[in-house]
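What follows is a set of structures for review.
The following pair of complexes shares a single chain, subunit A, combined with subunit B in the former and subunit C in the latter.
Right, the complex of A and B next:
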């Protein structure tokens, strides 16, 4: 490649790079600088003085922040674990190529394609104790739960928030696993069967280890999405009851767009980003490396 | 003689011609104080507003304004939950893309940095808001003595109830909270419906404080004292709060779902024939009488009454309004003010209200004093506007201060927890501590 070709390459790339810098890098850096400033929109539309690490220090003494961290961790554990487990179970059930399975596989994409905010509205409606269909079904099957107001109890509210996420993600994860299962070499499975392994032993000792790179990749992706949870919090629970479902992302939004404390909101957003970065780093560096070994 | 008659005839003709020439000039005088001569002809304004039926009706008639002034207006309608976010994003960008904002009264003080003070405009054009609007609506657009917005939509609270269920239970419409509990119990035992649908849930705009505020204020307590320190956790405040949640917890006359309901879900509990009463903004009357939104037995039996109060104490309710203001970044402020003069005129409001061609328009309301007592409007609404005017006379807004959204959030959490069974005093003390910290951080 001569220097002229190199020059042309950059010219061709420039518009895309400029858009990328303008829409991603600039806000990213601007919010980072803002996180070290006092900026309350109630006082001024312009950022105020630099306050050093004051916004970060405030976060560590803020009970609301720690509550949102705990809620996010709890929600992430429930939603990631169950999404992966149910997704894998669906994949194993629909793995065989039959007409019914092909039809079922095509249906799997629908819950994932649904807008997250709409998921929240729909589930809130379904759980309404006066006319919600899901509430009525649960009351019918489990009469001892008929007095429970699902979104009025803190732990149930977290559970249902996680369920909206699992309902959308498990089918998508199943599709990914179905693809991965189809690509696994059958020789190892057959060899294990010849050696007398039962179905569970084949799955546990042969299929799952070969599937691990996909499990890790999907797990990482799902964890990042769970840590970012926002839409269904707004439409399903509003962060309640009390502060029971206030996730970190929801808390950051409130600080910025509801309370107009832009400096503090930016510092919280950076804590969230840093946490996700560390998490992704550990995942990729250690777990994937372990798999390669 | 003939000459005199001829002169008189000529004089008469001249006078008549002169008058006929003058006539178009006088009839062309524009109403509502709009400027003559179309000085802003060709200007295009953008108005950011939530997509309520009221805004749609205004947009439908905006051609009347364009015809008179030559100013074109685009209504940028967004769902209410994202309105504040849109205003903030536009105001911080400061490009002046949007010229006018419609906002919730409680947001106003935190948005004064984005809004143009209107006092000079009002004074220059001789607009007397106190002659046009109830005090609570004026207060909703004012902060620190400066007017930032004029409402075209506003709501008093009313008790909406099922006449047939009350008759079946043999009870009268309650005037006090005690009577409300008695009526709720009778209805529950004799009609198999919940007495009242409450909304203690957490969500948009601290809705679980709407009714709590009526309990608190009519109980003689307030959120802050004169030094802006919290008083809602005083013994009177705790008593009012306890009574408020006891409709569900102790007396069990409220729908079980009240624990997480938002305002609209409480209204829907009545619409779906599950509960007999709800205390909400008056526009819900339009929902409960709409066959597309409520069951037939509800639409034909719903009535309205003033919000009950404590026995032996005065009445006090909350009023809410959606003022319209001019963006500080707008490059067309004068044209925007012309639009505001037209938008806030009583004739437009009356025309919008009386137009029942579309079922969606049932939720359109009026805010102008003149229209609240207008016989034609009251005939159509069955006298609801007169009842609303009475409610507005004893109404107040939430505290108008920039920190209100944050303060409201702390109390909202406390109410939600208390409705879930947490101790009232502990939760209110905790909220008061948080509010103190917020106010201290803001320099009070």
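Right, the complex of A and C next:
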């Protein structure tokens, strides 16, 4: 390699790296510093005094913050487990490469490609107690639920918020699993069948264990994106009823852009970042392991 | 080979599941499409049969909703984001794929991790910066911030396609005295075109659907379609027939392009997450 070759790679990397330093590293560090300052934009456009850990300490005594942590955990658990389960089920249904299944796989792109903000509005419309089609269907099948105002009950509101997310993600997860299922060796499945295992036993004891690495990867990725979810809170519930669907992300947004408390919002954002990076760290470890093989 | 009872049962379940999947996936979209052709009175009902109208599509472009400029903003912002992100990402992906150097892994991990920074963390400092630079409510501000999530994803996706290409293909050209940029431009790029197009489409969709940045950084001149929906949430409640028509405006271009390249789209999309 001559000396010119040596620099070529850096010339190639420079534009992307410079953009990422500007759009990610800079705000990342700026927020970190701001999280140690007192700064209300309503009082001053200039950052205020450094207050040490005061913003972080404040968070621990803030009931609204703890509520948002709980909502985020609940939302994440529901949306991750259900979108994985439904995604896997769809993958098993569409596993064989028939014409009909290929058509269906193309349809699966649509919910995934739909704007999240729109998902929130469309489910809100369908869940309306007076003219919502989904509400009408549920009332028809389960008459004892006919009085429930879906987005007016705290736990149901979280459930439907998760549902908008599941609707978009289950198809994507299904597509990933279909790819993974196709790459599994068939010999073990056939051997198990010869040994007299039924369909469910084959799935549970042969297919699922082989699929496990992908299941873990997708689970981590989905967890990261569930913690990041924001748009549907605004368009489906607006955080309500009360504070029942205020996720941590939404709470940061409110502190920053409704109350203009930049210092406090930054410290909350950093608590969010720390949580996310635990999952991201594990995910990246897994992915890089695959990279080296 | 005759099916056993067990196999017959699961075959039946498969068909039932197929139907359920179809309903679950298609119904919310179908219902939005239907509603967009309804007059207001029908929109606020569960009617399936009604006399259709195109008025909703006309009135969202008129006062007071004016979706025309919003559509323009969405188009300009999404195209500009992709136009900057894809060339930069392709070069970076090539360097990551073809060169070994100190700190490469750390750098690749940073690029990957930058996707996981929550958008709200990114937007806090930029809100202040753009305020000081008088860039609030501009399309440029949105393009800059959209790059923060479109670029890292594109680098990883395109890198996957270059990795899959044997380096030998390029060596002949190197021997012939082409420099690396010429190799990338004339040999590699044509071969990885499907990957580049897929990541461009994916980046376009992400920018087109982006909501949080536009919600915070725009209020009048640079408002995009997704944020424009909020304007249909009036004192009189949500105007669902208009909402549905505006939804079509957001959904149809995205559905059309992703359906056109669906095969590349599916393989590229699933490759980005798990190798």
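Here are a few things to note about the model shown:
Heads up, the rule we're going with is that the second predicted complex is superposed on the first by the 275 of 293 C-alpha atoms of A that agree within 3 Å, B and C clash if a C-alpha of one lies under 4 Å from a C-alpha of the other, contacts with A are read in each partner's own complex, and residues count from 1 in each chain.
The working rule: a contact is a pair of C-beta atoms (placed from the backbone, for glycine too) under 8 Å apart; a residue touches a chain by one contact, two chains touch by 3 or more.
Since the model is a prediction, treat every value here as computed from it, not as a measurement.
For the composite obtained by superposing both complexes on subunit A, the positions of subunit B and subunit C are in clash. Judged by the touch definition given at the top, the superposed model places A:257 against both subunit B and subunit C. Residue contacts after overlaying the shared chain place A:131 against subunit B and subunit C alike. With both structures placed on the common chain, the touch criterion links A:241 to subunit B but leaves subunit C unconnected. Here subunit B and subunit C are compared by how many residues of subunit A each touches, and C touches more. After overlaying the two complexes on the shared chain, residue contacts for A:147 are found with subunit B alone; subunit C is out of touch. Look at A:205: by the touch rule set out above, it reaches neither subunit B nor subunit C.
Once the two complexes are laid over each other on the shared chain, residue contacts for A:43 go to subunit B alone; subunit C is not touched.
Residue overlap on subunit A between the subunit B contacts of one complex and the subunit C contacts of the other covers 41, 45, 130-131, 234, 257. The touching residues of subunit A, when paired with subunit B in their complex, are 41-45, 128-131, 147, 149, 151-154, 157, 234, 237-243, 254, 257-260. Subunit C meets subunit A in the complex at residues 6-7, 9-10, 14, 17-18, 21-22, 24-26, 28-29, 31-32, 35, 43-46, 84-85, 87-89, 91-92, 94-96, 98-99, 101, 105, 107-114, 116-128, 131-132, 144-145, 147-148, 151-152, 155, 179-181, 184, 205, 208-209, 211-212, 215-216, 226-227, 229-230, 238, 240, 243-244, 247, 250-251, 254-255, 258-259, 262, 265-267, 269-270, 273-275. Listed in rising order, the residues of subunit B touching subunit A in the complex are 81, 84-85, 88, 91-92, 94, 109-110, 113-114, 201-204, 255-257, 259-260, 262, 265, 268-269, 272, 274, 328, 402-403, 405-406, 409, 413, 416-417, 419-420, 422. If you check the complex, the residues on subunit A that touch subunit C are 4-5, 8-10, 12-13, 15-17, 19-20, 22-28, 30-31, 34, 41, 45, 89-90, 92-94, 100, 104-111, 113-119, 121-126, 130-133, 136, 167, 171-172, 175-176, 179-180, 198-200, 214, 217-218, 221, 224, 227-228, 230-231, 234-235, 249, 252-253, 256-257, 262, 265-266, 269-270, 272-273, 276-277, 279-280, 284, 287-288, 290-291.
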